[in-house]
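Next come two complexes, and both contain subunit A; in the first it sits with subunit B, in the second with subunit C.
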Partner chain A sequence: MNLAEGVQIVSLGILGVLMLASALGVVLLSNIVYSAFLLAMVFASISGLYILLNAGFVAAAQILVYVGAVNILILFGIMLVNKREDFQPVANAWIGKAATAAVCAGLFALLSSMVLATPWHLSSAIPAGEAAIEVIGQHFFSDFLLPFELASVLLLMALVGAIILARREYVPDEEPENEQKVLTLRERPRELVAAASNDLQND
Partner chain B sequence: MSSGIDLQESFIQILVSLGLPPSLAKLVWMPLPMLLILIAATVSIFIAVWLERKISAAAQQRIGPEYIGPLGALQATADGIKLIFKEDINPAQADPILFTLGPALVVIPVFVSYLVVPFGQNMVITDLGVGIFLWIALSSVTPIGLLMSGYSSNNKYSLLGGLRATAQSISYEIPLALAVLAVVMMSNSLSTIDIVNQQAGYGILSWNIWRQPVGFLLFWIAALAECERLPFDLPEAEEEIVAGYQTEYGGMKFGLFYVGSYVNLVLSAMLVSVLYLGGWSFPIPVEVISGGLGISETTPWLQVITAALGIMMTLMKAYLLVFLAVLLRWTVPRVRIDQLLDLGWKFLLPVSLVNLLLTAALKLAFPFAFGG
Partner chain C sequence: MMQLEYFLILAAALFCVGIYGLVTSRNVIRVLMSIELMLNAVNLNLMAFSNYLDPAEIKGQVFAVFVITIAAAEAAVGLAIVLSIYRNRDTVDMEQFNLLKW
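Then we have the complex of A and B:
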């Protein structure tokens, strides 16, 4: 075993432990902000595993998409909502927890039996290495064209949905009581209007 | 294109001739360039801060720092020493772990990005195949650190500043990436070395700025927004939100934000020079000069001069752009947050898409001029 192999094995171990520990943290911690930050660590360690597999482009894309976009949006969602709410203790909460544990254990058993039962064929092809970007691009426009296009349609739908959500304009003069409740999105009434009318009454 | 001097090869050969096994020699070599770049990046802060102070002073008809060191050049050192010796304070209601981790997460990606900045044909830490893409990916990690420090400070101004910084950073990343993509399309490679080599050949005439003028402007505007430089320094707009995510910070934790912002500015300027201003290449190709003087390209002293010239050209172009950024700071007023997001989404994004499309069309139509 030479130096490079040793470094690879050690970093594989470190990344694996890091990934499992932070994934457990995501699930078990009660502070949702910690969970979101730990999720970024999970994604980053997965990207490290990609680097160990000689897939530099996929690793960078993983960081860009998951850490830089998805996780930040999750954090944004948490911090913009930021609703401090004390949860009521639910009676017989252990039933739900036990059911969740059973489902998780079942999934784990299913997946591990699948992993053990499948005869894995290790590819003997030479790793693409630096030329991987071109290979990925050619696959996108030949045999993986349909999934690629479907993903772009999905993103377009999300984009249109986001625009519809962002474009609704609140008209403060209207009385909210007379508004038809069907097919309207719930929105917090603006405190600005209420404060202004209070000032008028006080005057 | 001659390969120039290869320090790694020569260093390893010297060690091997001294009796070390080749793998050990490589191991001794590996930390050296990293350490060198780390020191160079740190020193670049002092230069950038000195430039900022002196040019700001000149723009306002003041003298600026004068007494500390020659022409006030050691002012930044004095500031740094002061910051190091200040007490490290955690606010009582802050989250101690995230509060400490935030500034580190802001600074580390910036320093790691120096991996792909080339100073010459062989003068780069690693010539990665994903090169410039790595920088884009790493710069998208910084907002997590900003959100972390904004949230953990437990202060409404900090949280607002962190959210603003993140919104700004992800909005301007898209035009930035699209502008880079147009350059990558022309050079058929993501590697920074290939991007510079593609601009070699006709000296200043073959630099990308002539073929991508719109892309250059887009990239520069987006890079300034990513660095939170003045026309776009909303995350720390002092009239509105005190100092944004930095409000609760003091001592070296604040210093890390300061370091990060200046290193990021120099890094962005260097990448502009790599992408659009020919990187390390001299306005007149060195090969042409040496050919005219009748000197062989493989002459050792010529190669040393070429390498030194390459480093000097990269730094000169970068600091010219830093100078421009400082001038812009005292010329352009700060935009409002809605203007900022409007500019990013409604102007820069469509323009960068059109720029990308035009580049693709021109590449198909004139493959000789736009990299076939």
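Then we have the complex of A and C:
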């Protein structure tokens, strides 16, 4: 074993332990904000694992998309539904948790025994290495062209759908007097604004 | 000297943690986070196969980029649905989202 392989093994161990510990924290901690920040740590460790797998482009995409977008989106979601509530205890909840833990442990045992039993045929081809990003680009615009375009259409649909779903519902019985010519999505006025105007009228 | 197995076992462990969180969480946002964990486990699998079994063509990396794209769209739509349910039911408890329960 030369030095590079030793470094690889050690960093694989550190990143793996970090990733699994943070993932357990995401699932098990009771404070949801801690879970969200630990999720960022999971994503960052997975990005490090991608670098170990000679995939710099996907590691950068992982950091950009997951840590930069998805995790921030989840934090905004936590802020928007920030309600401290104590959940009603469900009777015999521990049975469900124990059964789920048993099923997950069994699935892990099954998967790892399958992984260890399968004779993998490792390829001895020359790795793409630094040219990986060019190979990915060629795939995108040749044999994966249709999925690539479909992914862009899907992103547009998700954008519009998220806006439509997340806006406040429009109440149709209160028709505005002066019809606006500008195309806008009508939505219910905020309760905060209504309450403030009521206070002004009372004064 | 088979690092492939290490990566696959790590991915399997992450996937199982994600399933546990998905089933046992009461908070909706935590359910979304567990789904992200599971998607990341699948991505790790794809990248490991891409590096060790197909290092010249790296189609696994292309697949992983697609999965990242779909996961971002899924997170946006999922959070919008969560916000909409929260406005209607005024709670984030999974046990009380029983509108479609028979």
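Here, the second predicted complex is superposed on the first by the 148 of 203 C-alpha atoms of A that agree within 3 Å, B and C clash if a C-alpha of one lies under 4 Å from a C-alpha of the other, contacts with A are read in each partner's own complex, and residues count from 1 in each chain.
By definition in this document, a residue touches a chain if its C-beta (ideal position, glycine included) is under 8 Å from a C-beta of that chain, and two chains touch if they have at least 3 such contacts.
As the structure is a prediction and not an experimental result, all values here were calculated from the model.
Upon superposition of the two complexes on subunit A, no clash is found between subunit B and subunit C, which fit side by side. Residue contacts after overlaying the shared chain place A:I72 against subunit B, while subunit C stays out of touching range. Judged by the touch definition given at the top, the superposed model places A:Q88 against subunit C, while subunit B stays out of reach. With both structures placed on the common chain, the touch criterion links A:F57 to subunit B and to subunit C. By the touch criterion defined above, A:L145 lies against neither subunit B nor subunit C after alignment on the C-alpha atoms of chain A. Touch criterion met: A:L80 reaches subunit B and subunit C at once. When the shared chain is aligned, subunit C comes close enough to touch A:L49, but subunit B does not. Comparing subunit C and subunit B on the residues of subunit A they touch gives the larger count to C. By the touch criterion defined above, A:E130 reaches subunit B but does not reach subunit C. Once the two complexes are laid over each other on the shared chain, residue contacts for A:I14 go to neither subunit B nor subunit C. With both structures placed on the common chain, the touch criterion links A:V160 to neither subunit B nor subunit C. Figure legend note: subunit B and subunit C, brought together by superposition on chain A, show a least Cα distance of 14 Å. Applying the stated touch rule to the two superposed structures, the overlap between the subunit B and subunit C interfaces on subunit A comprises residues 57, 61, 69, 76, 80, 132.
Across the complex, subunit B meets subunit A through its residues 23, 27, 98, 128-130, 133-134, 136-138, 140-141, 143-144, 147-148, 151, 159, 162-163, 166-167, 170, 173, 190.
Residues 1-10, 12-21, 23-30, 32-34, 36-37, 40, 43-44, 47-48, 50-59, 61-62, 64-66, 68-77, 79-84, 86-87, 90-93, 95 of subunit C are the ones touching subunit A in the complex. Residues 1, 5, 8-9, 12, 16, 19-20, 23-24, 26-27, 32, 35-36, 39, 42-43, 46, 49-50, 53-55, 57-58, 61-62, 65-66, 69-70, 73-74, 76-78, 80-81, 83, 85, 87-88, 90, 96-97, 100-101, 103-105, 107-108, 111-112, 115-116, 120-123, 125-128, 132, 135-136, 139-140, 144, 147, 151, 154-155, 157-159, 161-163, 165-166, 168-169 of subunit A are the ones that touch subunit C when the two sit in their complex.
Residues of subunit A touching subunit B in their complex: 2-3, 33, 37, 40, 56-57, 60-61, 63-64, 67-69, 71-72, 75-76, 79-80, 129-133.
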